[in-house]
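Which chain is which? They are A, B, C, D, E and F, in the order written, and residues in each are numbered from 1.
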Amino acid sequence: MRSLVEKAEVLIEALPYIRRFFGKTIVIKYGGHAMLEADLRASFADDVVLLKYVGLRPVIVHGGGPQIARQLDRIGKQATFVDGLRVTDDETMEVVEMVLGGTVNREIVGLIQGAGGRAAGLTGCDGSLLRVEKKIIEGRDIGRVGQVINVDPTALSAVSEGGFVPVIAPIGLDESGLTYNVNADEAAGAIAVALGAEKFLLLTDVEGVLDGQGERVSEMTRSSTQKLIEDGIILGGMIPKVECCLSALAGGVSKAHIVDGRVSHAILLEMFTDDAGVGTVFTP
Amino acid sequence: MRSLVEKAEVLIEALPYIRRFFGKTIVIKYGGHAMLEADLRASFADDVVLLKYVGLRPVIVHGGGPQIARQLDRIGKQATFVDGLRVTDDETMEVVEMVLGGTVNREIVGLIQGAGGRAAGLTGCDGSLLRVEKKIIEGRDIGRVGQVINVDPTALSAVSEGGFVPVIAPIGLDESGLTYNVNADEAAGAIAVALGAEKFLLLTDVEGVLDGQGERVSEMTRSSTQKLIEDGIILGGMIPKVECCLSALAGGVSKAHIVDGRVSHAILLEMFTDDAGVGTVFTP
Amino acid sequence: MRSLVEKAEVLIEALPYIRRFFGKTIVIKYGGHAMLEADLRASFADDVVLLKYVGLRPVIVHGGGPQIARQLDRIGKQATFVDGLRVTDDETMEVVEMVLGGTVNREIVGLIQGAGGRAAGLTGCDGSLLRVEKKIIEGRDIGRVGQVINVDPTALSAVSEGGFVPVIAPIGLDESGLTYNVNADEAAGAIAVALGAEKFLLLTDVEGVLDGQGERVSEMTRSSTQKLIEDGIILGGMIPKVECCLSALAGGVSKAHIVDGRVSHAILLEMFTDDAGVGTVFTP
Amino acid sequence: MRSLVEKAEVLIEALPYIRRFFGKTIVIKYGGHAMLEADLRASFADDVVLLKYVGLRPVIVHGGGPQIARQLDRIGKQATFVDGLRVTDDETMEVVEMVLGGTVNREIVGLIQGAGGRAAGLTGCDGSLLRVEKKIIEGRDIGRVGQVINVDPTALSAVSEGGFVPVIAPIGLDESGLTYNVNADEAAGAIAVALGAEKFLLLTDVEGVLDGQGERVSEMTRSSTQKLIEDGIILGGMIPKVECCLSALAGGVSKAHIVDGRVSHAILLEMFTDDAGVGTVFTP
Amino acid sequence: MRSLVEKAEVLIEALPYIRRFFGKTIVIKYGGHAMLEADLRASFADDVVLLKYVGLRPVIVHGGGPQIARQLDRIGKQATFVDGLRVTDDETMEVVEMVLGGTVNREIVGLIQGAGGRAAGLTGCDGSLLRVEKKIIEGRDIGRVGQVINVDPTALSAVSEGGFVPVIAPIGLDESGLTYNVNADEAAGAIAVALGAEKFLLLTDVEGVLDGQGERVSEMTRSSTQKLIEDGIILGGMIPKVECCLSALAGGVSKAHIVDGRVSHAILLEMFTDDAGVGTVFTP
Amino acid sequence: MRSLVEKAEVLIEALPYIRRFFGKTIVIKYGGHAMLEADLRASFADDVVLLKYVGLRPVIVHGGGPQIARQLDRIGKQATFVDGLRVTDDETMEVVEMVLGGTVNREIVGLIQGAGGRAAGLTGCDGSLLRVEKKIIEGRDIGRVGQVINVDPTALSAVSEGGFVPVIAPIGLDESGLTYNVNADEAAGAIAVALGAEKFLLLTDVEGVLDGQGERVSEMTRSSTQKLIEDGIILGGMIPKVECCLSALAGGVSKAHIVDGRVSHAILLEMFTDDAGVGTVFTP
């Protein structure tokens, strides 16, 4: 049991961090276990609301892969593949919009409001927040998957200045007004750059970047990261996440973090303790 | 073919209306044919964008019954009934959220942006815009159908002051954070009252209110409306729409209109011509 | 007779123009027939009020030659000439001030207000709006005729931001505070430059610039204009008007127009239709 | 010759008055000798500019009777009379507009600017500042002479907040937009009431109100004034001036003054010395 | 040692309190041990800075009795008494000003700035913050001891809106500009009322109000307090402190607290834990 | 005795100066006789209040050497010397803080408020206004005497924009938060530079700079000043004052003045008369 004075000391310990981040924008990619397990959902919401109240400006960008898969399943939709790549055809895209824009986004707004905050959901279509073009991977058309080419943060800022935590579903628009599915990590990184965010936090289901000995690396630079990729130590799904962090830094974000979303209050820990605490931080 | 000068004269004819409504809020319930047919959709979007540009503040509240029915069908969901009333169970509510919040709302935002405006979609959950309680009809529980008990327009106003046309999906929240389906006419009326709107336009698929001879009544007061209801001339589905208009008036809205959404540019015609033009106008 | 729907379509056709010019300043030199015939006066006023209401910022600069001549006549004032040039002596200048500042300016304010707008009249003396020096033409002193050397738009902007259409009489001040008659085209052009206007419209009593075959040229550039002057096709009184347009462009105004003020709603037609419509447009 | 220290002491003596009137509106009716003699004109302009710089908000309303008479004379216009009252027919009204709006107003603006201030001229038509109806005196129509029925100070305030001293020519508009000559004292009083002015200063060509012994009365109340009128001591042209002051007080102006405009710096003396100094002050 | 997650949970526990007090003014009377011991001084400063950063508006009013006594001693000043009451003669008052305004106030500003905040010191003379009259106790003149009769918070608010924590020395001014010593508890209470503070915290050197059994009473109302006074259980120096709290409540402050300043982080504990935690809270 | 009209003329004579300095910041170093004699104190306060009311922004920085000496005396504190330089040890510094921050600063605030102004006192510690480092003179440590290395005018500006005359005691802070005594001339000059002041007025007890014949030099430039120093004509205590003026000019202040504080209303005379009037003005 904690004594009252110990509690006060914890608050005081947070003070230098609160001061450092006061008024700063923090973009958080929310997904994975942190979105699926009730306890982690609650601790995420608490963290976001606390950040907001102590003067930071959190912006949430969420994914929703498992929820989309479940709904496709429910309507008996078979996945189509082109040369081994999963294709987002029109029917799939309709489900993406329904699930990301209709279900998941609304739930996250509800979650934050349930924790005592005020939130408002947007998709990347609102005010043309995410302008995309069709992504062509190795010359192959994989349907309505978009690559972000421009971010117009006006709608997001209106909501944020109105006192709300913006919650963004990563759906983009091309020039003709057609909607596209956007990778949530990518969308979040691009939004962090557009907002000149202080930090970009990418919640994942791993401990962080691991080195050759399987030990978590607490801090990395561009060059040490390149080396780990070249040496084949950073592999597979971790590569795009790492690249997403590096390109956020290249776009002017001060620090990017890969954070273990399976840990309670992972966001607070990453924000309000020294960098070695949890996950991996990338610095320019 | 119209000559240039005739065109200019049409613009000039609109001037007194533009002047009268400058800076005023106009809440439009959008639904029915106007939402389903391509031509009418385009003319609706043009009208909204024009209103915005000439200095009015349009706010759109939409329904989506047919789209919800189609999706329920697709997933093979059977309707449940309690004493003959259709029930919104949890599974149905999930579909409502997906379709209203994910598909329909996004499409209307896209429609307005395609016509050159800027729009942002919200649900009644964002910023607790629509606070509801469970609707009990004649003592029967029909599931997650909500009755609006409070409107907090902060999020809507933030979006509107940011220069966007707010597009609202009528999903509400009860005190515990549970979502409810809200009748779109009701939601729109309540929002019109909360915003102190100048006008409330309810797009329908009928010509207006008809009198005993089947002739459209162009203007009605509270008492003349009561009489037509008592005399059994206003019937069935028209009764709640008429009551929705009357309660908007009671809440301080200056004029409420039932407008024939099957007519091209019905909104402009109702706004920028004399009241006898189209539909039925209700005055206090 | 126009149907209601045709009317709505005309409004919708104007939308792209309204959008393009939203919040932009349009300086209009008002004079000639458009000022003298009752119908044209009314259509001018309607046009200005419409521009104001749909979000543009019209600024009116007027002349008044015929009204000055009539008043000089009435008081039996003989024109004086130096080497063939009409001289503005002190007595004439007094009449200029009375007629431009007292009669014509007030009438235009009344005209715009009669059409439902709000207007306020200023002379170039108010807040030292038009600072001039004595114009010397080919070494000859022609009295109190001023050349604009500085524009201080503070008073004009105060009036405009207060929601009024500024109406300016082209009377200028030299450094000693002496008043001078300023050519209205010149004054309007200088004001357009000082305000960073989007458009400068010069109402005249001709169809536009004519080419060698007597056909109206709908669009001209600096070089095509120079050529027509060199070839002796643009002649006489048209030359200073054309030069006024070119120097407005040189000062940063986006487009300058010579508009046929004898046509009803000439301003609206020029603003809200494609450039080939009426008059001649000059682009950089 | 004054020593430097004596000068400083004079400035210090003014301090309590500057403090008392800081940010307050002072409406000054300007006319008579103060407008016609060069020295007095200069001292008037200096006074107004000083008031403006030390933080007061002077508003000038001017007459122009002698200048109008001279111009009528010049064009050989004969006065018309109805039952002994001078009539303002249309031709006279045209001269009134030219002289008040074109000549006199412009000259006063120039005068203030010559003394280092910034001024802008308006007539009562600008922004419908003075709304009037035809004055009927003892059942007789005396032409275009207006009685103020409403003051809309928006245009005046825009000019004043822009940092300019507003200079107002007393020409009013009736509901149809027809112009009327308004008595300048009356116009100034009505404007003082509309602006919630702290003081109303009426410059005249007399020493102040005189009592039965021909002595100036330095301070009067409503009741002492009534008594002097009933006793036949206040007579003739002084009666409307006195009534003008009383109705300014009735409208909420704190103090009204009849000031001897033949004295140099009469305004400063009245503002910055004790009330007994010059003229007659009326208090509620 | 605390784990990281426990730390995060402490922060989250504080959230409801942060939310409740966001933007609210908290007036803190600072004195006693909390001002004299180094550890407590540091914990006080940390607490104030944290409150400021999480969005509250702390205002500090300090005493300085021991420091004044020490200085009087140093200059060999003998206390004077009138009928047993200590008198503040002119020489004593000079010392009060030097010590409170010169030494103590400056030190507290330095303390808060050392903890990373921004502070600015004022006395009750600045901007006539504390207007007083001479206190007469039972008919006896005890010198320059003042009773607060008016609070003008303009200077304090300027400093606070500039982002600084205002630190106030309780010296007041009478109408003639003479300075007076003001009891710090009284000054703080009056300032809390004038600012419409949410809370008034009175740091003391006792545990709180004790009941008949010597147990701390955690919450009291006006009537329960009266009773304890009447029953002779609240005694001596505690009576004026309790009355100070009651009159803050009477003036509209929501809650007043007597807090044990000998406990580390007493302010945070009182603000961010339930009321039963430490000290005694008074509610209306 | 001055007549009323002469008084008005004095006010008018001040107008060009009021106009020139409107809205400008004037930093005044206040000290010497002007602070010690009752008449001069009153005239100083009147001058400051007048400057404030006519739209200037006076900022006062004061010294207090005689008052500090008197207090050191009273407590029997012996001066300590290192190589002939007076040392500010900790005990002396405590007295400096008490006297400058507690007594003198409060008195000047009271003086200005007694003259009808509103003032607020600050020390250089408030908001870290004066950041200093220890001054080392010819390699010798003379204790807590500070050299200004940075000025943060935020707190001063908050007070000034709140409508108060800021009164600054020259106590500075080093990086560790330790306080230092700062030469008031130096502090005032540094503040004038940081505020981009229009003028810097240094009140002294001499007539101004004297030339070789003992005549006051009314105006000096950098080079003429250097020459007088090199020629040994400017001597002793005048040298640092002159250098203080030159470095204010180097920092962008438009004019620096050494003013004879023994003359009544010296500030007004220097501000509102031509430069030859009193004291010595330094121009770049």
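The criterion applied here is as follows: a residue touches a chain if its C-beta (ideal position, glycine included) is under 8 Å from a C-beta of that chain, and two chains touch if they have at least 3 such contacts.
Please read all numbers here as calculations on a predicted model, not as lab measurements.
Path length between chain A and chain F in the touching-chain graph (shortest route): 2. Chain A and chain E have CA centres that are 46 Å apart. Centroids of chain A and chain D (each the mean of its C-alpha atoms) stand 69 Å apart.
Chain D has its Cα centroid 56 Å from the Cα centroid of chain B.
The set of chain F residues that touch two or more partner chains is empty. Chain contact topology: the protein chains form a single closed ring, every chain touching exactly two others.
Ring order, beginning with chain E and continuing to chain F: E, F, D, C, B, A.
Across the complex, chain D meets chain F through its residues 2, 4-16, 18-19, 22, 43, 46-47, 49-50, 53-55, 115-116, 263-265, 268-269, 272-273, 277-278.
The residues of chain E lying in touch with chain F in their complex are 71, 74-75, 94, 97-103, 105-106, 109-110, 113-114, 118-123, 125-128, 154-155, 157-159, 161-164, 171, 173, 177, 179.
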